[in-house]
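Listed next: structures, encoded as structure tokens.
The two complexes that follow have chain A in common; it is paired with chain B in the first and with chain C in the second.
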Partner chain A sequence: MIKTPAFFIDMQICTGCKTCMVACKDKNDLAQGLRWRRVYEFSGGDWIASADGTFTQDVFAYYISVSCNHCQDPICVESCPSRAMHKNEYGIVLIDSKKCVGCRYCEWACPYSAPQFDRSNGIMTKCDFCQTQIQEGRDPCCVEACPTHALSFGDYDDLITLHGEKALIAPLPFPEMTSPNLVITAPKQARSQGNTNGLIQNPEEVKDA
Partner chain B sequence: METHNPPDKIVWSTCNVNCGSRCPVRLHVKNGSVVRVESDITDDDSSGTQQIRACLRGRGLRKWIYSPERLLYPMKRTGKRGEGKFTRISWDQAFDLIASKLKHIIDRYGNEAVYRHYGTGNLGGVVSHYNQIERLMNVLGGKLNYYNSYSTAQIHQAMTYLYGKTGTGNYISDIINSKLVVLFGNNPAETRMSGGGTIRDLVLAKRQSKVKVIVIDPLHTDTVTGFADEWIPIRPGTDAALVAGLAHVLILNGMVDNDFLNGYALGYDQSTMPEDIPEGNSYKDYILGSGADRTPKTPDWACSITGIPAKRIVQLAYEIGSTKPVYIAQGWGPQRHANGEQAARAICMLPILTGNVGVKGGNSGDREAAWGIDWPVMPVGENPVKTSIPCFLWTKAIENPTGFTDLNSGLRGKKHLEVPIKFLWCFASNALINQHSDINQTRRILKDDTQCEMIVLIENVMSTSARYADVLLPGTSSFEERDLAYQGYAVEMGVLMVREKAIEPMGECRTLFDICAGIARHMGVEKDFTNGMDHDQWVEKMYHQCRKLKPELPIDFSKALEKGLYKWPRSGNSFAGLASFRKNPEKYPLSTPSGKIEIFSQRLWEMAQTWELPEGDSIKALPEYLSTWGMPHETDAALYPLQLVGHHSKPRTHSSYGNNEWLKEASPQALWINPLDAIPRGIEHGDLVKVFNDIGATMVRAKVTPRIMPGVLSLPQGAWYNPDREGIDQGGCINTLTSHRPSPIAKGNPQHTNLVQVVKEKSNP
Partner chain C sequence: MHNLSLVIFTLLIQTSVGILGTAIFNIWRNKNGMVQIPLIILSTCLGLIALALISAMAHLGNPRKAPHAILNITHSWLSREIVSINLFAISIVLLWGLTFIGFQKGAFVFQITSLILGILTISTMSQVYYLRAVPVWNSIATPMDFFGTALLAGGIAWAVLNLFISDRVSTPGLTFFMFPYLGLCCKIFAISSTISVQKRSKNLFWYASLRAKINAHTSTYAVRAGLYIIGAALFAAANMGMTDQPAFFLLISFAVICLTEIWNRFCFYDSFCRLGL
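Entry: the complex of A and B
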């Protein structure tokens, strides 16, 4: 097993196809509203109309696929009053469903909306890094599914050495909050964190259940 | 903690819809149900045999196969046609009903009154393929044919007049040899999503070459997001005007390849014009203003039509004209217009003017090419009926056969239709209602069951169209039958997929072969149809025919079922559809009448004199820009100021999977609208809006986004039509707003040519 499991996204070739999201739903049999992996569409820019009927614009858009980042400082673990949320010996943040009381504190605490409330069972659910599958030597389901191979995974330190970029772009939250194990290659049009010119264009597709 | 719960078996299957790709899926079966869908994780994933990773649609298959809309029993209509009232019947009763009506129609009207409607919801099968209906009808004396498709009618005909054939493009992977890539209305990130297909080839080639990619499209598509270095937004339907403006700069600044134009093409200037055509009709005359309209097609002329600043047009012309090779390709968006034949030919003018045709790293201007193995298809026999209609005009063939002629409707094989369509077959077709234009008009025509007397529809789910069936038959899904599938046309490798039956048929579902065999039995032609074989035996027979092409396939079919997936990298040296023509045009002439590229088409010149067109329509011998109905500046634009297109979007392939909850959740239907159009109308993101014109109306949520040009809306095509009690669609289906009026040459579907208005109905809750 890798020491610090992390996801890597090459955002220069992510087309926002959402195959990762649906593959995850299928593997984990997720009910409507549960999205262990979400794809944010971030876009902005202005249009200027000219008198001759033409337009100029500086529109930009990119997608970012986010699951649980199995953070180095998992705020969900810290905020869990029943100690259901924990990090296991392989660095994967998990919920002990026997201990979870469904208080949803972790959901409120997590800036990535990773823990998701399952209404039918009254408990929290989240990405488990497909740990059974990776123990078999395979990639996580979302990584195996990615048609453009934008998504991969590995040890955080290895990925940083290889790609060198932490997740420091909009609309992601500032990484200081949780130290997420998420490494990216930023898209060419990337905007920095806290950018106000762009907006999440698909709030209904990524909002909490 | 995930518990390890291994499936009883894992079998290979396929996703069968008409996206252009074809993906294998691995089905995990437990207790007789499919509990998980995986895709291709085999091979070393090197280019040429790369993993064919299914997109979200293939991954979401379970929610479709097990959807509440699955059809489980044969049914017959009880209420009025289209009311959706049915009663369950037995298969024998269904076969009896169909056979007796089919006999009656053939006896009374002849075989030309029987028609299989266009439909592509299930293209993945070899035995489970609409070819079975062709085969059955050929045994029974034939039926009326169609030509064209809803995907490519205009570009297909346009390429035939220009190059003498379609499929003239270079492979997309050839952009590794290009200095510049310019794509018009081409969005493989949503239309060619498979990991084995165009999108993956594009990723690999762009990564290797770092070539600059410019996308010209009204929408900032996912292809722009993922690949483009620059987006040039353009008003829908004006690609030909942009090309004319570019051509003006290219010609006046000496950036045209005169040797190529003189040696390979007709009609660029007077020197290569046909003798009997009056002067002033060459392409150069049209561009420079010495033609009939006396208008030079300057960038200033093109800018207000296209919405692209003149300065950018000039720059783009220099970019295209000052480097070689340039890969210029178009998707099928620009051609799905009332002037689509013109747009398709015009885009090809850029590589023709600059000599980028038939060379490495160049392209003909047609869509990127596909490569595949020419696998065997079901033998269907011979259709004695030669009469053929453009597939878009089937409703006219029901209503007005005597007014359906060669000169006004593109009828082939006859001067006019002699009988109306009385019996309609639909297999996996939602083009009866949802995907055909002007749903209100189509409903009106179909509601009268004295006109088309019988609609037999074979489907997996209760689609919008299924509600209009007289006899509704439940077909097995890909999970429930054994079959073969071949590569789609969006890959550069040959693929054979051997699909195993994963689960027993749900309810009383039957394979298409069994359904046709049952009808054949009741018509007294069973043996002629089946050749004494059942579905599985046909699958095995077709497999052994595949083995003749690829003898390395195992002789033992069960071994092939187990392995499931076979790939062969693209072979041969050719990189371009027109490479040999470019090398030696005398030895390898085109199949145009002149053997050359016909910039000026004498055939179209003559059609312009003889064909009967409605007022306002015209046929042009040159790839000129034409403004048409449904465009800005036309009279209807005062009431309906916004252009509406319907781009292909990720949660569906056309209307296939339109009821899949996972896909609807991942990417809900929404109207794309620019803030400059939304703000004055008080429309905010998520508001319920009404989109309407004289044809109809639909209700949908607004997606307020800068990713679409001002003045343009997009309602992604294929959402399921869902009328309320007042008949107003609540599903956001674009075909409530599109017209039955065909394009002039191809008689194709101009479903991106629409003018509408939009108003806010209700705020986002």
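Entry: the complex of A and C
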């Protein structure tokens, strides 16, 4: 097993096909409304008036695929009252379904919407990094399914060495909140955090049901 | 109505702490040597706490596992809140039992202990909402709102109970005015503080969920503050001899405050507007 498992997203080649999202849902047999991996469509921009009376545009659009980032400082683990949310010896944040009381406090606390409530069983669920597949030497199902190889995974430090510092782009939350194990190659038109020109365009697709 | 159970739970616990606090303060100021809280007041507190706990259980996806929820007391404020609420409930049961058997010696110690546990409960309850990802909750507005409910709704609820005990609206006194009006100040502060946090954080909300349309609620803050003031004014009118129907004014004041509290608390949960995805 790798030391600090992390996802890497090359947003320059991500086409937003959502195969990763569907693969995750299919492999984990997720109920309606549960999406451990979500692809956010983020876009914005407007016409800008120039001094000479002409207009230019700064329209942008890009996709970002996000699941649990198995953070170094997981706020869900800290906040969980029953210790159901925990980090295992391989650095994967997991939920002990026997302990989870379904209070949904982790859902409030996590800025990535990673823990999701399974209404039929009354407990929280989340990405487990396909740990059984990883132990078999395979990639997580979302990584396996990605047709453009935009999504991959590996050791966080290795990914940082390979792809550089983590990108601080919208609409991701500030990494200081949880220290996520997420490495991104940002698209050229990516907007920095705090930018107010963009909106998530597919809320029905990515928010809880 | 997703947050109904939490609205009921928080309001009832805070109101019961307020009733207890007002009752103890009234005993402390009482010149006729009464040392015990009337049983009807303690029974009301117990009833409110019981309803609150039932409501809290209804919020859980898996209530049978509820005992697990205290396991992370070293890190989780939610665990601490659950422990403190249960301690508060136990202390009220003990106080009720002691009052029922007519135990008077040292009654004040038990009363103060219960009140301290009640204040601790509201404090831990406030801390639960201090989430870095939710700026509107992660501010001084949250404890001010919660303590404001205890003082305002609890204070007026105590006056209503006192109406039933003594069959008349009590004469003006510091107790009547101190708790509800301190609560009103807390509420007005909480409302203005929330607006301030929203204004400061405006550029951070743009990617928050659609369900939390906080700007839609901004216009309602003034209305809520106005209703609190109207409720408090009716309460003052009932207690200052400004009307020949003080009981009616007191009950109307209680109704206005209760309805405003429920609306305000629903708005509190609706203002969940997270930084992030």
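Note that in this section the second predicted complex is superposed on the first by the 197 of 209 C-alpha atoms of A that agree within 3 Å, B and C clash if a C-alpha of one lies under 4 Å from a C-alpha of the other, contacts with A are read in each partner's own complex, and residues count from 1 in each chain.
Operating definition for what follows: contacts are C-beta pairs under 8 Å (C-beta built on N, C-alpha and C of every residue); 3 or more make two chains touch, one makes a residue touch a chain.
Because the structure is predicted, anything quoted here is derived from the model rather than measured.
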| item | value |
| --- | --- |
| First (chain B), second (chain C), both or neither touched by A:83 | second |
| Touched partner set for A:128, first chain B, second chain C, both or neither | first |
| Contacts of A:196 with chain B and chain C, given as first, second, both or neither | second |
| Touching partner for A:146 - first (chain B), second (chain C), both, neither | first |
| First, second, both or neither for A:179, with chain B first and chain C second | neither |
| Which superposed partner A:57 touches (first chain B, second chain C, both, neither) | first |
| Touching partner for A:4 - first (chain B), second (chain C), both, neither | neither |
| Chain B versus chain C as contact partner of A:113, first or second or both or neither | second |
| Overlap of chain C and chain B interfaces on chain A (superposed complexes) | 203 |
| Interfacial residue positions of chain C with respect to chain A in the complex | 59-63, 65-66, 68-72, 75-79, 82, 128, 131-134, 203-204, 206-207, 209-211, 272, 274-277 |
| Of all residues in chain A, those that touch chain B in their complex | 12-19, 21-23, 25-27, 29, 32-33, 35, 39, 43-47, 49-50, 52-57, 59, 61-63, 94, 96, 128, 130-132, 138, 141, 144-149, 187-188, 201-205 |
| List of chain A residues in touch with chain C within their complex | 38, 40, 42, 66, 75, 78-84, 98-105, 108-113, 117-119, 121-124, 170-174, 177, 194, 196, 198-200, 203, 206-207 |
| Touching residues on chain B, where the partner in the complex is chain A | 1-2, 4, 35-39, 41, 53-56, 59-60, 62, 189-190, 193-195, 199-200, 203, 207, 220, 222-227, 229, 231, 233, 300, 303-310, 650, 661-663, 665-668, 674-676, 685-686, 703, 705-707, 709-710 |
